[in-house]
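Consider the two complexes below, in which chain A is the common component and chain B and chain C are the respective partners.
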Partner chain A sequence: MAKLFERRLTPADSPLAIISRTTAAFLAAMLVAAFLFVSYGAHPLQAYFALFHEPFATLRGFGYTLARASPLALIGLGTIVTWRAGFSYLGFEGCFVLGSTSTAWLALSTASGGRIGHVPFFLFLSIAILFGFVSGGAWAGLVAVMRARFGGNEVLISLMSNYVAIFILQYTVSGPLRAPGSLPETRLLPRTTWLPFILPGTRAHAGILIALAAAGLVWTLLQKMPLGYELIVTGLNPLAARYAGIDVSRRFVLAAFLGGGLGALAGMVEVLGAQHRLMDGISGGMGFVGIIVALLARLNPLAVIPTALLYGGMSVGADAMQRRANIPSSITFILESLLVLLVLASDVLRYYEINASSLWCRSPQTVDGQASE
Partner chain B sequence: MKHTLEMRNIVKRFPGVLASNRVNLTLRAGEIHALLGENGAGKTTLMQILYGFHSMDSGEILIDGERVHLKSPKDAISLGIGMVHQEFMLLQPFSVAENTILGLREGHGPLLDLQGASEKLKELSNRHGLALEPAAKVSSLSVGEQQRVEIVKLLYRDARLLILDEPTAVLTPQEKDRLFVVLRRLRENGRSAVIVTHKLKEVVELADRVTVMRDGQAVATRTIQETSQRELTQLMFGREVSFLADKAQQQPGAPVLEINELRVEDETGRESICGVSLQVHAGEILGIAGIEGNGQSELAAAIVHLQGMKSGRIILNGTDVTNLNVARRRALGISYVPADRRRMGSVVEMSVADNAILGLQRKYTRGLFRSIDDARELARALIARFAIRASSIDAPAGKLSGGNLQKLILGREITRGSGVLIVEQPTRGLDVAAVESVWGELLRARQEGKAILLISAELEELLNLSDRIAVIFEGRIMGIVDPAAASIEQIGRMMAGISAGTTSPTPSAVTEAQHGQIV
Partner chain C sequence: MNQTQLMGAAFFVTWLSASLRLAGPVLLAALGETFAEQSGVLNVGIEGTILLGALASFLASYYTGMIWIGVFAAVLVGIAASILLAWFYVTARASQVVAGLVFNVLALGIASAVYRKALGNSSAPESIAVFGTLRIPFISDLPLIGPVLFGQTILFYLTLILVVVAQLVLFRTNFGLALRASGENPAAADSAGISVSRMRYAGTLISGAGAGMAGAYLVLAQVGLFRESIVSGQGFIALGIVIFGRWNPWKAALAALVFGACDALQLSLQIFTLRVPPQLLLALPYVVAIIAVSGLFGGKTAQPAALLVPYVKD
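Moving on to the complex of A and B:
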């Protein structure tokens, strides 16, 4: 009798196969999480309704979803650029923090009586993007230089550099830029520097447009430009890259610069679009969630937008769920982690095909048992 | 007659491929049996079934007339079946004895009886003519000796049936002869061996019987006396294949690539190239013969600049390129076909079309963007001109067979219009049909006037293709010989560093008059 799962020699990579196994992974993750909801005495369907209704089916909630998704998408894009070049950078938390710090400093300098004085918004935004990008890019580029020059381990160095960046932020908000008051935070940024809100009556801001534009640019770079080709070759096979005349060290540094810059733009978007001031703990782990967003998108720059919306939405929905179904919002973290784990694990399924015919010969219980796997 | 091993009607199906189609194989005690076939004919699958790596879909395996079930290599070993893989599985810092007993429990209780093991090893080594010193560190052994360690590991476990997968691929002619002596000795002592190979000469030289496989089927089994190389070729391919490359007479042109007093140091400060000077002329193939690890790879890497050099100069078409990087040298006309086609010559995860422009990515552009259409067109042109079998130009290059991937890389490097072609081990692991076409392409490039530096471990290849052969030993050129005049034994001695040949500084200097001078 034929086995239900037959091993294949070549992986199935058709769009249908990708969609179906990703869907299966999502359903499996939600099924597992449903048991957690039950353990809190909640009905899983009601909990899921609470989790997804507000962020995706109400205008106000969707505005929040867009606002949360923008920095996540930018960090995800930064992850894609660095990781596809084979540079395992984990310092996006630091880039985010530096991007928000430099932007806040710049914005406060344009306030009346500031160092620079008032400038038109678009000029300000262009300078802020450039300034933020270079600050994060240089920060990450430094790690790449250390690896290229001295063979340092970029995973360790970049993780540690996060703490340094956070200390810089803490110094800034409790020292030079501290607003009068008890909290370590700056004054509210001048309204003229805020990113415009794009949906009337919501908190959705123009950051999502920046993220969309960045996704388009990253996609163009990687898919359409010779430089992107060189980055991908470097990531897949550094030896072949050197053989092909590609300067591997320089490509590492460049990829780190671009990725760090995108991570810093996430910080800029957050501070100009959502918080409107700089405070300690502004990143809240976003630098790591953004990496997960990129992994869930399988390092595809266009797929980052929907996955960022999903994760942004879930963080909005988690609060609603806590209010309505009385389930701790931290359960969403478990669901988010399950999603990534199972979607990545579903790669194994590429190597199997299902023999539908073998189903008829089995008892119904076995069939159910197998199907829920 | 009772057989040591009998494989009956073995069927193994991978989805989409029938890797083994009702194959029968018998093996007698004290027999060397060759399993001959092209790459992909199903030889390795069959042997992996016998070694317990793969399960079979149907069929049966009998050992000494008893039906056995092999679920893992452990079962195979306990039944006296052992396998020497192409890549040796030895721990370099350990001694021969330590490697031999690895995985066994020798001695009593917690104490290791290395002494006893060494004695047993010594005895085995003497009986079978292996000449191994139990206390020697594996890292100090030559490739041929390491292979004999693999064999003694099997004998130590009392294997009666040895499977050797392409055993001569990494050996020098002398080491190959040594291996054959060992195998013949094992045969005299009543052990059996299966040699998986695609080299006809070895089959005829060594085996008692041969089973030829093609497309997953065993097409014939012959005793060596009743067959010929010619018949075996026909069985392998279903057609006749010529073995001699047709090399047109032609006068080489001006020197294109000049290497002067090249010295290369590795990280530990050891000199891997010690003052090599060579000239490669337009329209000639300069062969580099040598046992692997004598500086051939370092020579190629230094010419392309994958590796820095300590001193010396490299001159390309009169331009000193010594201080230029890889990209600049490639742009000035150095092409390179590396030995490791999957790890260096291609990016296996990327498509055939993307691999066709590897190294040319800055050329195939329109404005700021890559011209993907042009890349695809190039890939199609290469596939057509070099008869590459690929399911699609969008398929990952890693899915191509070794021969087809090699033709893709070779085609890319030949057609990019550079004057110098460095080719390293171009036919390693390829079947005869692929070898034939790679040789043809190299000769075509020679006729087009390219200066070709051919680094190969296959003497036959060098003798067939080269206009001159430089023999390298421990980073030094022992001499340059004329392939028409030199014998394999002479070159072999130079490869082993025993004698130097006559150095002929220019190709035209190799004339009839000098033929006798090579000692």
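Moving on to the complex of A and C:
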């Protein structure tokens, strides 16, 4: 029988091929999701309406979408900087947590009677950005030092450093910064430290502006600056980079510092813009969803913003579906990961083409028993 | 014996027996992962596979009331999940880290959705019967080593047997040789007539079986109920154990014991009143795992040379 998948002589990389593959992956993900909705007794079209109507077609919902998209975009940008430099950092959950912890500590210190006392908002924000960026950057930079100096495995180190960061958060909210009460969380941060809301009547906050600015900066760094070029060359071929006189170890550490810092800014934005207090479980897997956003955007800093809006919107829509149709919101994890897995799977079509005729007619070779290897 | 000596003895008995108990699941996962990595595949997806195995074992023994059915269900689900993973790693030649990582998110979503669908949104988690300790007459009554070594569940002894089996299969059989050749030099293995992709599928499937069983171990011999946070990085710790154990089942068992001991410390120290924040002790196994894979202890000489490298047959 003729094979269903015929091997291509050269990988198919034309724009048309890429677009059609990605579209096919999206459609397949939608199809699987439709089956999921049916299994919960919902009409698939109505469920899709619920999933996308509130986050994108109502002002209130769109405010939430912007709020959810900001940290995702920042983590996605951090992923892009580190991964394009060839450093497979997976510790954004930890950077997020550290960024939110250090920001909350700083914000509570500016409360009346705090260590620092009241400061003007813009001064506070600049210090918070600097402080958060350095805390996350140092956290991720340490992993890069381990890799560059001792040859450690950055994938595993960064995965496990996430748990250490989460224990630091748990210690902070159950010890030094704990508010009176039964829950492990801090007091509400002083209102003067909150990020301003940008759309009247919604929860959209200035975090999305920070994310947009960061996207512009990362794009400029990677596309327009010699340093960004060096980072990309390091990622594409470390050996060639070294021959060209680039200090590969230093570039790893620098990329990790920038990426970790961006991840920590995501935590800052979440604390100052959305939660307004620090609590246990504040990240809720956002560090990993942010990586997925970057992957779906194919590590392109400008494509990260719409992808983050899509994913932020889907999580808002899923919450609405849980309230209305009693479909658990955890199916967003399924949808979000399935989308990327199917895009990855569609890459098979780079190397193989589908031989549709094999589906309905048997090739003549099988008649005399020769396999068409 | 005075008070302090008694406390000390009680501490050591509880600490050592908890160390062995907690080492079990990570060791099972690490044993399977050793096969995957020896064949050239870094299966990061075992974290999610353990979670799915835990859920399968919980649901199967919840509905049938039979504990062993839970173990079999977990192994089957683990293998099924790793067929998907192996397809991405080997056939689609996707980045192994990316595919494994995204699979973990998928597994979290599936586990949480299926658990809610099966048991509803009840606030009190349902618990199930667990394996009791296997008492061996006379030996279990020996002082100190009795309760430590011979007061474990049957899954623990099964895991010890699997260490020996894994060691023999990897280093004393043709299959083990072919598997290691696929991870060390796939081109040479290919020209010797070994199907590299078949070997890598086999390695990934074995790691899935180990991870599934590790999930069953967590539910059926430790916790007795299912939570989404039940795995919390133990799959990643198993990956660290494989490296620390130099891709060798026997050494992995020793490494798993070290991690079990760190993990058990916070449980056993509860009999003392310490002024140390509990999070410091909880973080200890992860910190030790980070140090173990930081590269401070020896280079990468024992690592399969073709780990993470997809094989393209010319």
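Structure notes:
Everything below uses one rule, namely that the second predicted complex is superposed on the first by the 326 of 373 C-alpha atoms of A that agree within 3 Å, B and C clash if a C-alpha of one lies under 4 Å from a C-alpha of the other, contacts with A are read in each partner's own complex, and residues count from 1 in each chain.
Quick note on the criterion: a contact is a pair of C-beta atoms (placed from the backbone, for glycine too) under 8 Å apart; a residue touches a chain by one contact, two chains touch by 3 or more.
Please read these numbers as outputs of a predicted model, since none were measured by experiment.
Once the two structures are overlaid, the count of chain A residues touched is higher for C than for its counterpart among chain B and chain C.
After overlaying the two complexes on the shared chain, residue contacts for A:180 are found with neither chain B nor chain C.
When the two structures are aligned on the shared chain, A:246 is found in touch with chain B, with no touch to chain C.
Of the two partner chains placed around the shared chain by superposition, neither chain B nor chain C is touched by A:201. For chain A in complex with chain C, the touching residues are 36, 39-40, 88, 90, 146-147, 149-153, 155-157, 159-164, 167-168, 170-171, 174-175, 285, 288-289, 291-292, 295, 328, 330-338, 340-341, 344-345, 347-348, 351.
On the side of chain A, the complex with chain B involves touching residues 6-10, 220, 224-226, 228-230, 232-233, 236-237, 239-240, 242-247, 353.
Contact residues of chain C toward chain A in the complex are 42, 44, 88, 91-94, 97-99, 101-106, 108-110, 112-113, 116-117, 232-233, 236-237, 239-240, 243, 277, 279-280, 282-283, 286-287, 289-290, 293-296, 299-300. In the complex of the two chains, the chain B residues touching chain A come out as 14-17, 304, 306, 325-331, 336, 338, 343-350, 354, 357-359, 361-362, 364-365, 368-370, 372, 399.
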